[in-house]
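Below, chain A partners chain B and then partners chain C, in two separate complexes.
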Partner chain A sequence: MKIDWTRNETLVALVIAAFCLAAAIADPGFLSIATLTDLLRGGIVLGIFAVAALIVLISGGIDVSFTAIAAFTMYVTAMVLNAALPWLPWWAALGFGMAIGACLGAINGVLIAGFGLPTLIVTLGTLSIFRGFMLTFIGQKQITTLPPGMREFGRMMLVRGENADGSFYSLHGAFAVTVLVIILTWAILHRTMLGRQIFAIGGSVESARRIGIKVRGVQFFVYVYVGILAGLAGVIHASMARVANPFDLVGLELSVIAAVVLGGARLAGGHGTLTGTVLGVALIVLVRNSLIVLGIPSTWQSVAIGILILIGTGLPAWQAKRAAARSA
Partner chain B sequence: MTTATQATPMTRLFASTEGRLALITLVVFVLMSALSPDKFLSLQNFTSMAFQFPEFAILALAMTLTMLTGGIDLSVVGIANLSAIVAAMILTQVTGSGDGVAVLMMAYAAALAVGLVAGLFNGVLVATLGLPPILATLGSGLIFTGIAIALTGGSAMMGFPPATAWIGNATLLGIPAPLVLFAALAFAMSLLLTRTAFGVKVRMYGANPLAARFAAINIDAMLIKVYVISGALGAIAGMVVMSRANSAKADYGSSYLLLAVLIAVLGGVNPYGGYGRVIGVVLAVLSMQFLSSGLNMIGVSNFARELIWGSLLIFVMIVNTWRAKGRRS
Partner chain C sequence: MADALVTLDGVTKTYSGITALDSVGFTIAAGEAVCLAGENGSGKSTLIKILAGVEQPDRGRITFGGTQQGALNPRLSAEAGIKVIFQDFSLFPNLTVAENIAFSAEIGAGARLVHKARVQDTARRTLARIGVDIPLGAAVETLSVAHKQLVAICRALATEARLIIMDEPTTALTEREVRVLLDIIRRLKADGVAVLFVSHKLAEVLEVCEKVVVLRNGQKVAEGPAHDFDAASLTRHMTGRDVAATPPTPLPASAPELMRVQGLHKDGAFADVSFTLRAGEVLGVSGLLGSGRTALAKALFGLVAPERGTITLDGKSIALGNPLAAAEAGIGYVPEDRLTEGLFLTQSILQNISIGRLGAHAGASGVLNLAGLIDEARDWLKRLSVKAPDPDAPVRSLSGGNQQRVVLARWMARSPRVLVLNGPSVGVDVGSKSEIHGIIAQLAAQGLGVIVISDDLPEVLATCHRILVMKAGKLVDDLPTGQVSETDLAHRLAS
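Up next is the complex of A and B:
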């Protein structure tokens, strides 16, 4: 297999490899199953968010409201299930969250596809609206007693075990959901006409319209799909944390978009891969969880992520600029 | 649209974004006055509003300038906090004589220098290296905030000489000092955009980057200047926040970032570049402040403000595009 050195994915994979190598040299205990399961656990919710952000970026838009959708959904789901539907099993609780997420995503969809408003502005507005509505009319207190369905899901583990030194490790069942989301999204993007149309709109809306793509319908689908994924991620987050805190999640949106862009998706639309997205998320989770292993205090975490974003987006931008200068 | 309706002054007022915004501001003002006349229309309320809004209004000016070039500056709040922390370190560690005016001037100079250097960093990323502004400033914003956290360990810095309080809390001939500062900056920004060659270049590049290149505008130099000015405005806002809070912390004003973007867009600035007027931004700031103070008085929570701001933004955008579509057809 030929390695393409100009791709973001290669660059990110190399940085991840170098990081792991340095961490393993600094602390041989780094290379353990416990570290791996910790990292995978950290990537569950971020991974679903990143897939959602990726599909919007490919379609040529940007969505900053998905964290608010997730927070809204997890809070309302926990509240409604506690009050009215405590007998719902865990899979129905996830389904309930996805339905609420779909409704909120449809609001974005109507404003963007229906009214033709700029995506950044709309989602900036709905971010405040969803969050403000939840905190004003629904509640501000943490829900510490989750409904039985969510509690059951919170206890579900794929793998559980004990290390040689007696410490425990486990991989949460929600990891399987993230993997399913990635496979489903891959299938939509690369095995359906809808996926081709999403890429086409991201490349050029006008060209897409002229070859007969129903741009509004596709855009509407994208924002509803993002809503569904965000709702799912919200319920998973609350189940894993065993508490529904309405102040969680919001504020993560720009880091998620940064992870996706690190993986090679372009803000201008039409470009982006799931491989790159997964690598981007892996790198961000690695920096968040394991910077301390390299002897860098965790207070420097956001500096490290900032530098990574600048290098990850700066190198391709600089190469493109040089290439343009040569051809001119 | 017929020419007859266009001729009346009323329709001409509605035809411009600023005209509609002026009307919205007026409606909000009248509505809030009607809802709680004794509290909203009091001198005390006006004074407290005049102390509240300048800090994020200054950030909105920075956002306006970068948006005019089709860019955005997501690092302004990071710059504000980093410069406030650098100033706070000087204020707490250098002991001056008397009321500490000399030390304060030194701290202000250092803060402004931080703002200028941070802005220069952004400018080089955007202009020289060609990064998309949203990513460049997102990354640099994380770096500035990160340095601020690393310098303080994340805790607040306090214990400043009394003179520090002046810029955020004093009055000048009865007018709150932060308001005077904002008015001066807004006026200067307006002059810069409409009366100088630099302003024309900024708007021309925002409207059509290719045409600007063919018009032999030195785009890189122009963009660097834009981000340097934005950084300086961030530092000034940081000084006002530091003075009003009487402390400096790495995560102050984190909600101001989206608010600044919101105000600029509400004020009619085109986020894709090319169009925007300072008067629109000032009207947007005023309507936001009337709305939040008024709602505060009738006992609505801070979170409801967020809800109403978001709704207002989307409402204005729908009206604006509706008008644009109507004019085309």
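Up next is the complex of A and C:
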């Protein structure tokens, strides 16, 4: 197969490979199952967020409120389940979170699809409102005793084992949820007309309207779906951390969008792949978790991520521009 | 006549107080091709949008196949078999050819899942129906304009199409591509599909049309069988006056030399270009696409940096490859593609005109004299008769001819010595075109030197005193307008 150098996916994959090589040279212990499971664990919540951000970018919008939806959902779910529904099993707890997320996503949906307001402005607003509302009216204290359903989910492991040096490794059950989310989203985007309509709207809203796509309905779905995924990610985050800290998560949104853009999604809409998104998340998690292995202080993380974004998105754009100049 | 497929009766539409359509009515029969002619702003686009269900008329009746329609929406129109191919084609650049062709058919069929085989099959079938071959898997953004149009036609045919409306179908096509298109139209008519051409470029499509309807200022001003119309009568109906091509008034022999270009050379674009321009002279530079005319035009204004040569204005040499220096010296440049190179589309008309004058209206303190700036811009709007409902509206809202006038107004406000106009009437309707030619003559009469770069031969012949023919980067002929005919000129360009 011919390698397409103008694709972001290729570049990101190469950078990941180079990074792993450098890390393996600096620390031979890097190439271990423990590192892998750490990375996979780090990608669980980020991965779900990234899928949510991807689908919005494809539709031609941008959503920065998903972290606030996640934090809100996580906190309210923990609180409500503790107070009123402690008997809910883990899967129902996840479902509860998804329902709250859907409601919050629907608020974005009404403002964007219903009133036709710009997506960035709406979600910047709701980011602030959801977070502020939770901290003001619901609570600021960490919930350290999670409801039994969430505790049960937090203990669920797919794989568990012991390394040669006696340390333990494990892969959390939530990883399976992320994989399911990716598969489901792939199926929606590529196997349903709804998904193709999301691409179509991202390609040209006006054209979509003209051939009779119900643009508002599709947009509404997108923001509700993002809400559902964010709610799910929030509950998973709290379950894995075994605490619902209302100050968590918010602030991650730009890193997540960066990961998706790094993977080749265009801010202008209409373009983006799940493969690219997964690679983008992998790279960001790798940088977050492993920069320290290379002897680079962790404060350099954000600088490194910034450089990666500039190179990762700038290089293909520059190449495309050169190709266009040559053909003109 | 066969039963009417579509009947419009008394259709009226107003936008914020401006009447776009005023009681328009006509019929289209099955298998008939109708040419709807009108200048920019005559209401053509509004009529298309109403038929497509994108806009609702304020008053009037629309009947499809004998059934009167209530409020239309795009889906209802599409179900009735009314398919619009917009000027921009309304395709999805990010999707493949096959998906673009089959998209509306799939939506119409109420599909929830992607049926890949069916999509490919629909695309292959419709492409075969019009007898063209385009790779199904290619992304539409990578196609040529002509191919994009064919994809749009295929999309219209992918579902039951009874009337295909084509908005400005020929503007972006070469002559050969137009032939292909007309053949396809003939095939469709033979199949009983009606076609409504909406255009201000008419001669090309008249031969396949049965009927002509002319709109002017939102009203129907003429209707009749196509063979009763020719290019001249259409122009008269569209503009409401005779647009005669008058050659420019001759240049006085005493006119002083204004600009001199010597030995201008740019590798791969143009070589050893020398000419002079006198005050009050309109100089045409004509050449085919790829002859280097655009590169030369840009070089005169410093947008392209030549390797060698000199440009002098009033005996003073101008730095090459520096647009600011060129503007400072009194050269103005109106680009060919005013939309991407010449205008700030989303900003107001006034801002667009005044942008070049910010420096002149900034006092010693650096604070802008806004009132003076705006007054001046308003004055230019009036002098170049820009038809604008609201000078604070974005330039995007203007028609092509008016946009071109805004670009001109901006340069005029700077009182330049030499104006380089690259394709001054590309995408402008007949009436505006003759007005722009009038403006060019006026400017020259005021002593400006004007360089018109164009491959529109009638335009060059109507406006210029002298024509330089450019071929493969070189100026090969220097002809006084009076001594050359259009066929002769066409021959010199092409040979």
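Keep this in mind: the second predicted complex is superposed on the first by the 320 of 328 C-alpha atoms of A that agree within 3 Å, B and C clash if a C-alpha of one lies under 4 Å from a C-alpha of the other, contacts with A are read in each partner's own complex, and residues count from 1 in each chain.
As a convention for this text, a residue touches a chain if its C-beta (ideal position, glycine included) is under 8 Å from a C-beta of that chain, and two chains touch if they have at least 3 such contacts.
All figures in this text were calculated on a predicted structure; none of them were measured in a lab.
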TODO: Based on the superposed arrangement, let me know which partner A:W318 touches: chain B (first), chain C (second), both, or neither?
DONE: first
Open item on the list: Can you tell me whether chain B or chain C touches more residues on chain A?
Closed with: B
TODO: Report for A:V243: first if it touches chain B alone, second if chain C alone, otherwise both or neither.
DONE: neither
Open item on the list: Quick check for you: in the superposed arrangement, does A:V80 touch first (chain B), second (chain C), both or neither?
Closed with: neither
Task: First, second, both or neither for A:M157, with chain B first and chain C second - done: neither
- [ ] Scan A:H271 for contacts with chain B and chain C and give back first, second, both or neither.
- [x] second
Open item on the list: Which partner chains sit in contact with A:R191 here, chain B, chain C, both or neither? Use first/second/both/neither.
Closed with: second
Open item on the list: Touch test for A:L127: chain B only (first), chain C only (second), both, or neither?
Closed with: first
Task: Touching partner for A:I296 - first (chain B), second (chain C), both, neither - done: neither
Task: Partner chain(s) touched by A:S207 [first = chain B, second = chain C, both, neither] - done: second
Open item on the list: Residue numbers of chain A touching chain C in their complex, please.
Closed with: 190-197, 199-200, 202-204, 206-213, 270-271
Task: Touching residues on chain B, where the partner in the complex is chain A - done: 74, 125, 129-132, 134-136, 138-143, 145-147, 149-150, 153-154, 254, 258, 261-262, 265, 271-272, 300-301, 303-311, 313-314, 317-318, 321
Task: chain C residues within the chain A interface of the complex - done: 52, 54, 73-75, 78, 84, 86, 90-95, 99, 103-104, 106-108, 111-114, 155
Open item on the list: Touching residues of chain A toward chain B in the complex: what are they?
Closed with: 111, 115-118, 120-122, 124-129, 131-133, 135-136, 140, 251, 254, 257-258, 261, 267-268, 297, 299-310, 313-314, 317-318, 320-321
